[in-house]
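Notes follow once the structure below has been shown.
In this document, chain identifiers A, B, C and D correspond to the written order of the chains, with residue numbering beginning at 1 in each.
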Amino acid sequence: MYRQLKSTIYESLEPHPVSDGAGRFFDIFIMALIVANVFVVVLESVDGIALQYASFFIAFDLFSVTVFVIEYVLRLWTCTANPAFRGAVVGRLRYAATPLALVDLLAILPFLIPMIIPLDLRFIRAIRLMRVFGILKMGRYSYASDMLVRAINREKEVIAIIFCSLLILLVFASSLMYYAEYEAQPEAFSSIPAAMWWAVATLTTVGYGDVYPITPLGKLLGGVIALIGIGMFALPAGVFTSAFMEEVQKRRSGCEERPAVRTPEEIADLLERFSSLKQAGSISEEEFLAQKRRILGK
Amino acid sequence: MYRQLKSTIYESLEPHPVSDGAGRFFDIFIMALIVANVFVVVLESVDGIALQYASFFIAFDLFSVTVFVIEYVLRLWTCTANPAFRGAVVGRLRYAATPLALVDLLAILPFLIPMIIPLDLRFIRAIRLMRVFGILKMGRYSYASDMLVRAINREKEVIAIIFCSLLILLVFASSLMYYAEYEAQPEAFSSIPAAMWWAVATLTTVGYGDVYPITPLGKLLGGVIALIGIGMFALPAGVFTSAFMEEVQKRRSGCEERPAVRTPEEIADLLERFSSLKQAGSISEEEFLAQKRRILGK
Amino acid sequence: MYRQLKSTIYESLEPHPVSDGAGRFFDIFIMALIVANVFVVVLESVDGIALQYASFFIAFDLFSVTVFVIEYVLRLWTCTANPAFRGAVVGRLRYAATPLALVDLLAILPFLIPMIIPLDLRFIRAIRLMRVFGILKMGRYSYASDMLVRAINREKEVIAIIFCSLLILLVFASSLMYYAEYEAQPEAFSSIPAAMWWAVATLTTVGYGDVYPITPLGKLLGGVIALIGIGMFALPAGVFTSAFMEEVQKRRSGCEERPAVRTPEEIADLLERFSSLKQAGSISEEEFLAQKRRILGK
Amino acid sequence: MYRQLKSTIYESLEPHPVSDGAGRFFDIFIMALIVANVFVVVLESVDGIALQYASFFIAFDLFSVTVFVIEYVLRLWTCTANPAFRGAVVGRLRYAATPLALVDLLAILPFLIPMIIPLDLRFIRAIRLMRVFGILKMGRYSYASDMLVRAINREKEVIAIIFCSLLILLVFASSLMYYAEYEAQPEAFSSIPAAMWWAVATLTTVGYGDVYPITPLGKLLGGVIALIGIGMFALPAGVFTSAFMEEVQKRRSGCEERPAVRTPEEIADLLERFSSLKQAGSISEEEFLAQKRRILGK
C-alpha cells in the first residue's frame, strides 16, 4: 500500500504531456505558480508597488513556498519509485543532485535561508532576487529548454573555442586601445581592464557611447578593430542559430532518437543497475529485457 | 440582372493580377489612394505643413473616406456572390470577420468615429494615427505580405518558444543588473522593470547610452550578459530569414501549391458548402465537379 | 589604316585580364589614377592639408582630368569598332548611354563644369565631391563589382519587397512612438518624420542615443518594436549575403554561363544586328555563325 | 649522442596531442605560463595593483623571460633535427622565419629590447604591451587557431573583395555626409576623414552617439546609408561564419586531409629534400618511401 501510494504520487509529479485531467491540471497549476512567482519578484522591486501591496506579497510568498516545499519533499520521498534512484539514502542523494532537483531546491532556498540565518540587508536583496531563478523549474515541462540545451551541447566544443578566441581578441583590442588613448583620456582608459569595457561595447556593436576613442590613432584603431572584430563576435550567434535550427528540423522530422544521445558510460551504468535489480529479484527477467531494449534504444 | 450586377462588381473589386484595362486601373487607383493617405497622415503630423495646407488635407480626407466607405459597402453587399459567404446576414457577417474586411473597416473607422462620438483631444490624435494602419489594405494586392505571413506562420511555434526564452533571459539579466547597480544608480536602475529597459537596449545591441552600468561588478555582468545574450537575441532574425528565404524559393520553383495549404477542415467545409449548393440547384453538376477539382488542388 | 588604328586603340582601352605587357600596364595606370584621385579628394577636404599642398593638388587635378578626358574621347571615337555600336552618331550615342560610359562622363564632369559655368561656393563643393564617384570607373576592371551587381540583380524583386515592408514598418513604428512620446518630448518627437529618425536608429540597432523614449509607454513600445523590428531589418542583409555567396560558389564551380543571363530580347536584338551586318557585307558568313553561337552561349 | 640529445629535445618541444606524461606536462606548463603572462600584463596596467605587487611582477617577468628565452634557444638549436631545416645556418634562419618562430621571438623581444636599448617612457609602454601578443604562442598547441586561419585562408579572396567594397562604400558615405553636415557641424564633420569616423560607427551599427547628423538632409542621408550599408557590412561576418562552419564540419566528418592542403610546389620541394637526404645516406630507402607516402597523403 505504502509502495503503491509512493508510486502513484511519483507518477503525478512527473509532467503529463498527454492531458489526463488531474495530472495535467497539476502541471498547469505549478507552471502558473512559477510564472506568478517571478512576476511578483519583478513587481516587488518597484518601490511604490512593494509598499502598497506588502501584505498581499507576503501572503503570496508564503503560499508559494509552502507549495514548492511540499512538492520538493514529495519528489524526494517518492524518487525511490524510479529504479534509477533505488536506495533510501543513496538514491535520494543521487536524485537531489540531478539538475532538475537542484533547481527545485534553488527555488525554495531564497524563502528558507532568511528564516534560518539572520542576514544583513544587502544579502537579503540578493537572496530574494535568487527567486527569479525559480523559473528554471519550467525546464521540466518545456521541450524548448530541451532544444536549447541540446543545441548548446552539440556545439559546446566549438562555442568554447570561439569564446576563447573572443577573449584573446578582447585582450588584444583593449591593450591597443589602452596604449592609444591612455594619455588623452586617463579616466576612461585608465587600465587594460577599463579599456575592455570599451572593447565589449564596441565589438558587440552595443556602443553605449560612454567611452569612445578621441585621438586620431585611437579612432583609426577603433575603426579597424570594429571592422575585423565584429565578424568574430558574430560567430557564436551564427553557430548557435544553425545548431538550434538543426534541432528544430530533427524534432520535426520525428527522428528524435533520445536514447542515442546517451553516452556509452551512461548505458553501461544503467544496464548494471537493472542487472543487479534482477539478481536481487526486484524485477523479473522480462522486465529486465524490456528495460534493456529501451536503454539500447531499440 | 441584380445578381449579375453584384457578381460583376464583386469581380471588379477583387485584385487583377493579369492586366485587363479597367480592373487593373481600379486596383492601381485604390493602391495609390492608400499610399497617399498614409503619406498625408505623416505630413499632417508636421506642425508647419498641417497649418499651411489644412484645407487641402481636409478635402483629401473627405475624398479618401468617401472612396473607402463606398468600397467597403460595395464589398459587403457583393460578398454574397462568393459561394463561401452565402446568406444575406450570416454570410456578410462572416465576410466582415475576415482579416481583409476587418482591415478595410479599420481604414475607415478613424474617419467615422470622431463624426459620431465627441472625444477629447488626446484620443482624437490616437484615432487619426490609426489611419496609418490603412496601409494594411495593401495586403490584398501584394503577394509579399502573403510570403511574410506564411514565413511567420510556418515557424510560429519556434518563434513563440524563442520569444518566451528571450523574455526569461530578459528577466534574468534585469534582475542581476538591478542587484549590481541599484545602489550606485538608484535613478536609472530603480526597479527590475526599469533595468529591463537597459537589458532590451543592450541585448538588441541598440545601446542608446541613456543607461549603462558604472560599477565594476555591473560592467562585468553587463559584458557577460551582452556576450551570451546577443546569440539568443539574434535567433529570431536568423529563424525568420531562413523561413522567408524558403518561401521565396518555393514561389520561384513554381510549386506554390496554394490549395495544399488548406487544412483538411477547410477542404471539408468548402466541399460541404458546394455540395449543398448543388442539392439546392444553385450550381450544376459540372460546376460542382469543377469546384471540387479546384478545391482539391488538382 | 584609320579603321585598323581605331580597332587597335579600342582593344587597348578594354580591360586585359591576361597580362600582355603594355595593355596590362595601361589598365594598372588607369586604376592607380582612379584610386589616387579619390585619395586626393579625401585629403583636400582636410583644411590644413588643402592649404599646404594647394599647388600640388591643382597640378594633380589637371593631370587627372587630362588623362580621363583623353580616355573618354578615345573610347567614344573607337566604340564604333564594336559591332554593337555601329553608326557614327547613333552608335556613339548608344555607347555614351551605357552605364560604364556614363560613369566615365561622371568622372570628368566635376572638372569640366566649374570651368564652363560660374557657380556659387556651396555648389562647387558638391561638384568636387562628385569626383569621389569616379571610383565607379573601377567597375570595368573588377569582377567583384560584377558579382555584387549580379547578387543584387538576382534578388532585386525580393529586396524591393523587403524594402517596401521595412518602409511600412518604419511608418508604423514612428507613428506609434510619435503618439507615445509627443507630449513628453515635443522637441525630439515633434512629428512622424522626426520620429522616423528614432525608428531608423533603433531598428538598424545603431542607437546613437540622441533620441530615445522616456515615458513608460514609450519604453514599452520601443522595446517591443526593437524586438520585432530587428528581425525584419536583418532580412535584407541575410538575403544579400546568401545571394552573394551563391554568386561566389557559381564563379568557383566555373559554370559562369554569362550568356544565359541575357534576356530573350537582348539575344534577338544582337542577332538582328549581326544579321544586318552580314547582309551589308561587313562580316562574312562564318563570322556571323561564330557570333551567333557565342550569343546563344553554345 | 649529441645528435640523439638534440633529437630528443626537439621531440619534447613539439606539442604532444596524445598525453605521454612528461611531454604533456611540459605543454601545459608553457601554456599556463603564456596565459599567466598575458594576465600579468593586463593587471600591471591597473595603477593600484602595479604599485602594490611591483616586486612580484618583476620576479614573474624575469621567470617568464628566462623560460621563453631558453625555449627559443633550444628550438633554434634543435630545429636542424627536422629534415626541413637542415643546415647549421641556413636551416636555422629558415626556421627562425617560420610564423611560429617569429611569434616566439615576438614574445621575448619586449623583455630584451629595454635591457639593450635605452628608451623613452612612451615607447617602453608600447614595448610592454607587445607582450600581450605572446598569447599567439598558444597557436602551436591549439587546433582552433588552425581552423580560424584556414577559414580565413579559404575565403581570403572573397574577404579581400568585400573589404575593398566596404572601403569604397565608406568613402562614399563619408563624402555625402561631409557635404550634408559640414556647415551645421564644422567640428564633428570637419573633413571627409573625420566623417569616416561617423560612417564606421554607423555602418557597423556601433553608434556611440558622439557624432550624428542633425540637419534634415543629413538625417535622410544617414538613414538611407544605414539601411543600405548595413547589408554590405554584414557580409564579411556572414562569409566568415559560413567558412568557419564548413571547417568545423570537415574536421568532424574526419576527412581532414591536411596533406591535400599542400600546394604542388610544397610537395615537390619536400620530395626533393628527402630525395637528397636519401642520396646523402642520411635516411634509408624505407624511411624515404614512408616520408613520400606521408607527403602525398596516402
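In this section, contacts are C-beta pairs under 8 Å (C-beta built on N, C-alpha and C of every residue); 3 or more make two chains touch, one makes a residue touch a chain.
The structure displayed is predicted, hence computed values, not measured ones.
Engineer: Examine where the copies chain B and chain C touch and state whether the two sides share over half of their residue numbers (same) or under half (different).
Structural biologist: different
Engineer: If I compare contact pairs by residue number, which of B-C, A-C or B-D overlaps with C-D on over half of them?
Structural biologist: That would be B-C, since it shares over half of the contact pairs of C-D.
Engineer: Once you find the CA centre of chain A and the CA centre of chain B, what distance in Å lies between them?
Structural biologist: About 36 Å separates the centre of chain A from that of chain B.
Engineer: In chain D, what residues contact two or more other chains?
Structural biologist: Correct list: 201, 205-209, 238, 242.
Engineer: Under the definition above, what is the set of chain A residues touching chain C in their complex?
Structural biologist: Spelled out, the residues of chain A in touch with chain C are 205, 207-209.
Engineer: Which residues, counting only chain C, touch chain B once they are in their complex?
Structural biologist: Contact set of chain C toward chain B: 158, 161, 164-165, 168, 171-172, 174-176, 178-179, 182-183, 190-193, 201-202, 205-209, 212, 219, 222-223, 226-227, 230-232, 234-235, 238-239, 242.
Engineer: In the complex formed with chain A, which residues of chain D make contact?
Structural biologist: Residue positions touching the partner: 38, 41-42, 45-47, 125-126, 129, 132-133, 135, 138, 142, 144-145, 147-148, 163, 166, 196-197, 200-201, 204-210, 233, 236-238, 240-242, 244-245, 248.
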